[in-house]
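Input: structures, listed below.
Look at the two complexes coming up: subunit A is in both, with subunit B in one and subunit C in the other.
Up next is the complex of A and B:
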């Protein structure tokens, strides 16, 4: 089994796209996942400690 | 006493450039302590993704628009192009959110903000013309849908999304030139004015 078949078995994309309907907003599930990931990474970037920050501050 | 050399346009231009952006400001050795935060990495992530987009785009341009349909290597390069564009927009939008909530136009940084806005719109145009230049059913579908929208604005005669040659030229010549030039101006403004400080440090 090639890599393509393996990924195809896990992520079956051979179907009509799934959409979220919310009032006048229509959004594909894949786009909603990407937007959700962006929000999650944005929040993580605000709160996760940056490597070397303490030593840099002490050096100042 | 001003000599003839001092009055030359080359001398005056060089002095002005060096005064506005001295070499140690153009390529600084250190950054302020507040830059040590993950929220400041998304601008440079966007730049790195843009470099891969341009590089893979150059390979695709050399081989022509049909190559990626017929060759495994072509498909691989096309996928690198697509996924680096995904990372480019992903990082650019987080960069935009971060800068918006920092009010990054403070401290005389209006032109940094405005060049960023224009750059974002240019990139959307570059992405769109890329989608309609794929030469497959996907691009046919997108362009036949988009033509109605563009025609409704009255711009269809100038910007014909069904004209593959025109869309490809916008995608591989005009919009990349604009995007790279605007990126250079944007980064130079960041260097001149510095990275925007947090609210408490900027007071």
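Up next is the complex of A and C:
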């Protein structure tokens, strides 16, 4: 196995990306995915219960 | 003395409820471990951008006529760098915000004389080329009006010239020593020697790539590559990365102003300074939020905090 195979990425992203054009907005698909993930994590942080809350309550 | 009225934006009532234990060391350790694991896994899956560096050698080999035409603009002082102003020279006022000439105030701290730094000085490092040495002597001893005449004639020839058999083919009458100089500079660039000459002007060990970058930025090769990769200023380039990698998404607001009028139209020439000033103003507004009536009430009125601490407010 050569070094390239050993250290190469599983997914090769070194090719020109795809872009979303919406009016004057230009957004790469990869940036859109990252922004979507950030929003999803923010919403999850708002609605998911704090870990350990149940055990604390049960311990009261 | 009259008691001060309670202001829900500034004053906080004394908390008289229960307290819960919170282990910040445990939370912090979990966060560091999760981020470290994510970093390793994402690096294995996606690696990082590995775009081959653009050099003057690659530029002049790919598009020798664009290189020669750009070198000509460096020599006659009409290139983007030569006419930019501070911090490179005093050819223009530079970036300004209204009457505030910010770039001029900072001064010329990266002095670039494009004719000498990009053309004459690199050529003078080439040894054992008597024809070139003679051409450089002729150029140096000519009057500025004579040089301008040669430059105008050679520029005219370059626009219809070509490159074949490793040599510039330019039909330019009365161009003085310029065919010899530009021909030698193109050959020097194609060999890779010009890259080295431009980064070693300050000493043997250097990581200062300002001059080769400015030279390349004046041509169209680098700009075309940036355009393909969506890295130009008018393509939200500040938040993009080469290839299909995600970029600096958090710079969306900064780069957005470059896309909208008047920053993209009538203010375009000073957009760098104006966008910076506007962002500083917005940052100041954010920093002063607690003292700005109306703006400081938004978190209280939006009530996201009641969602986060819903268990607490349920029991109140």
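We adopt the following convention: the second predicted complex is superposed on the first by the 43 of 60 C-alpha atoms of A that agree within 3 Å, B and C clash if a C-alpha of one lies under 4 Å from a C-alpha of the other, contacts with A are read in each partner's own complex, and residues count from 1 in each chain.
Here, a contact is a pair of C-beta atoms (placed from the backbone, for glycine too) under 8 Å apart; a residue touches a chain by one contact, two chains touch by 3 or more.
These numbers come from a predicted model, not from an experiment.
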* Would you sort A:34 into first (subunit B), second (subunit C), both or neither based on which partner it touches? => both
* Between subunit B and subunit C, which makes contact with more of the residues in subunit A? -> C
* Regarding the shared-chain residue A:26, is it in contact with subunit B (first), subunit C (second), both, or neither? -> second
* Asked: Once the shared chain is lined up, is A:46 touching subunit B (first), subunit C (second), both, or neither of them?
  -> both
* Structure fact -> Contacts of subunit A common to subunit B and subunit C in the A-superposed view 34, 38, 46, 53, 56
* Where on subunit A is subunit B touching in the complex? -> 34, 37-38, 41-42, 44-46, 48, 50, 52-53, 56-57, 60
* In the complex formed with subunit C, which residues of subunit A make contact? -> 7-19, 24-31, 33-35, 38, 46-47, 53, 56
* Structure fact -> As the complex stands, subunit B meets subunit A at residues 33, 36-39, 41-42, 90, 93-94, 97-98
* To do: Flag every residue of subunit C that touches subunit A in the complex, lowest number first.
  => 20-21, 44-47, 49-51, 228-230, 235-236, 239-247, 249, 259-260, 304, 307-308, 311
